[in-house]
């Protein structure tokens, strides 16, 4: 009993600790949805949203959020009600839970577990199941087809993702993302480059390219957005969702995008380390650099989205099984050999 | 004093974990015995494997067995993955041939 | 009771409750989705047993792999419409009696086992230790497991390629 | 293997080419006009809302006849002798009151066919393109400058003048017929007198023939009068209908 009482003040601290990534995700999602539209607009020589708020329609996503909150929550009559309601929350919970092991700065990490990367990959594999859940519970053939495509895609692309992450883990010698980041401090490579892992081993460059392709597919971004290809499947597994449940799906997708980009930034680009050595270093600048690196990757994803057309399902699977998986394993072995020799 | 005793009874120990695993195992057994759908039987087997894993890890945690329990549990998980892949391939083949996956109707040795 | 005890009871309840739904649900897809809760609950119990690496493996392999495979199997072998995944249940009474007997026997055996309980410190470096063991004591088992997986993959691929040939006929 | 490497190289090259193009557009200038604040200037011959300069309209109804969707509805009333509406800016004399000139812009299909026949160039398309309305009836533009009272007034006057003219015409026709009859009677009398002097029976037949030829003349005159008077039976009642309330109002 005494222990229960003594654990009470621990709870507010725990909640505060857990709320930090949530705040980051929510703010990021608002900014990213606006930025995505702006990037789309500028690439197509348009302006994008300009009306809401003052400068360049900065409040557009907030207005959209208010609209979504007010919308009617429609559940199809023949849907499987419990799973239909549950799926979006499970999807968001899975992407949110994965943020626990991301080292946002040298001063903050949700949970300093030793199996950080492994935990992250394990938790994100739950996303696949929630997609199937949402698609099946809608009792709609487009939803089910989109969900099955999504499941096949995510399960397949998990293999090259894990193989490339393993390459980094092999070079870094740790599964803890904080330790991997600390390993990359300093500016000694070739005299001036930062000690980022991508400069440490030539096979990590190819690993990064494959990792980036895989995370594009994992987070359902163009050119691999088959689960929600609107021209064939209406909206894939989100077809029957509306209002806040749909917003949860969108939030989870954007959170997933940020999560995998931040993972890429941690594994290959030095995490919260400043690119200029001790210049502008420290916990707060660390957070700035980390988010900057992650958001650059997110921006590249958006850029690709408005550049490339969508692949077919068979092409998608062929890319994964014929090219990425063999190449990533060969790359893993070569990186290991490089580490052995040098 | 009473609170202390209660505390020691409810404090999860080896037996608590073993009890959970026993219930899980018997539920899996129930599924295997009473279901006639191959996939349901497969799920029952997974439940039983999980119960066994809980046992292994509980003994590894509460007795001085070290990490051997973890090792065996890891191999059980690996085996379960292989088993599921092969079993589902078989199920699909059976379905392709008999157009059913009810165990009672799949009684021929030569299809 | 401390936080660990509360967590144990919550997750034990989740595990057993959802396992009961798996067994007694009449809809296979509902059973499969409930199995997800069971597997997650078991993963949480692993964490309480200081087996963090195995908990993550459990999530990755079971929830991200086997469960998806099972769902694919359900979707590919069901006849009729999506919500109509009914399945037959037989021998409920004997099976129930047998499993209750098994549960009682097991619990009796476990609680009267007189186990020698030694307090182990919280393990933090399980991954490192497991890796060392895999490369020393369990090297042969590791290799055999790898061969087993390879055989399983080849077998599954061969069977499903034959399947596609059959369906083309 | 070589082929695969070549393919990959081609893929990456095309991806980077594409991303270069989109990247250039990303930083390039945008072409969007912020519509309510900025507007594009329309070309001179743009077809938008129709407008009628009523000062120049002579009521020829050529535009209404040209309209393929009958969206122009014109009613004209001829002016009375005591009013001079003046001339248009192009020098055409105006001879009609335009009691109704309605254009239904909801029907208009912007074919521009009404603009060209206009002899005074008074109907044309403006540069105005924002005239959406919540109610469709607001799209019926009424260009007539006369108030209802004035319309009634003008109609009554025109009516009165028409009746007046009609009466004059009838009077003339009657006088003409009378004169013809008198003339014929005279001639017949003269002939009869001559016949009395000569044979006897034949001139009577001649007289009858002459009377027969005169009768169609009278019938013609009556028909002319009839066509002139035709509007008359309807219009007096209409006049009563329209004038009585206005009197009541007055």
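Here the chain labels run A, B, C and D in written order, and each chain numbers its own residues starting at 1.
Basically, a contact is a pair of C-beta atoms (placed from the backbone, for glycine too) under 8 Å apart; a residue touches a chain by one contact, two chains touch by 3 or more.
Fair warning: this is a prediction, and the values are worked out from it, not measured in the lab.
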{"item": "Chains linked by the largest number of contacting C-beta pairs", "value": "B-C"}
{"item": "Gap in Å, rounded to a whole number, between the CA centres of subunit D and subunit B", "value": "93"}
{"item": "For subunit A paired with subunit C, centre-to-centre distance based on mean C-alpha positions, whole Å", "value": "27"}
{"item": "Inter-chain centre distance, subunit C versus subunit D - centres from mean C-alpha coordinates, in Å", "value": "89"}
{"item": "Between subunit A and subunit B, centroid-to-centroid distance (C-alpha), Å", "value": "33"}
{"item": "For subunit C, residues that touch 2 or more chains besides their own", "value": "1, 53, 57-58, 65, 72, 126"}
{"item": "Multi-partner residues of subunit A (each touching 2 or more other chains)", "value": "1"}
{"item": "Contact pairs between chains, per stated definition", "value": "A-C, A-D, B-C"}
{"item": "Sites on subunit A touched by subunit D in the complex", "value": "39, 41-47, 50, 303-304, 306-308, 323"}
{"item": "Residues of subunit A touching subunit C in the complex", "value": "1, 3-4, 7, 78, 80, 83, 113-115, 118-119, 121-123, 125-126, 128-129, 132-133, 136, 139, 141, 144, 148, 151, 155, 158, 175"}
{"item": "Of all residues in subunit D, those that touch subunit A in their complex", "value": "4, 8, 15, 18-19, 21-23, 25-32, 34"}
{"item": "Complex interface listing, subunit B residues touching subunit C", "value": "7, 10-20, 22-31, 33-37, 39-40, 42-44, 46-47, 50, 53-54, 57-64, 67-68, 70-71, 73-75, 77-86, 88-93, 95-97, 99, 101-102, 104"}
{"item": "Of all residues in subunit C, those that touch subunit A in their complex", "value": "1-3, 29-30, 33, 36, 40, 52-53, 56-60, 63-65, 67-68, 71-72, 75, 82-83, 124-128"}
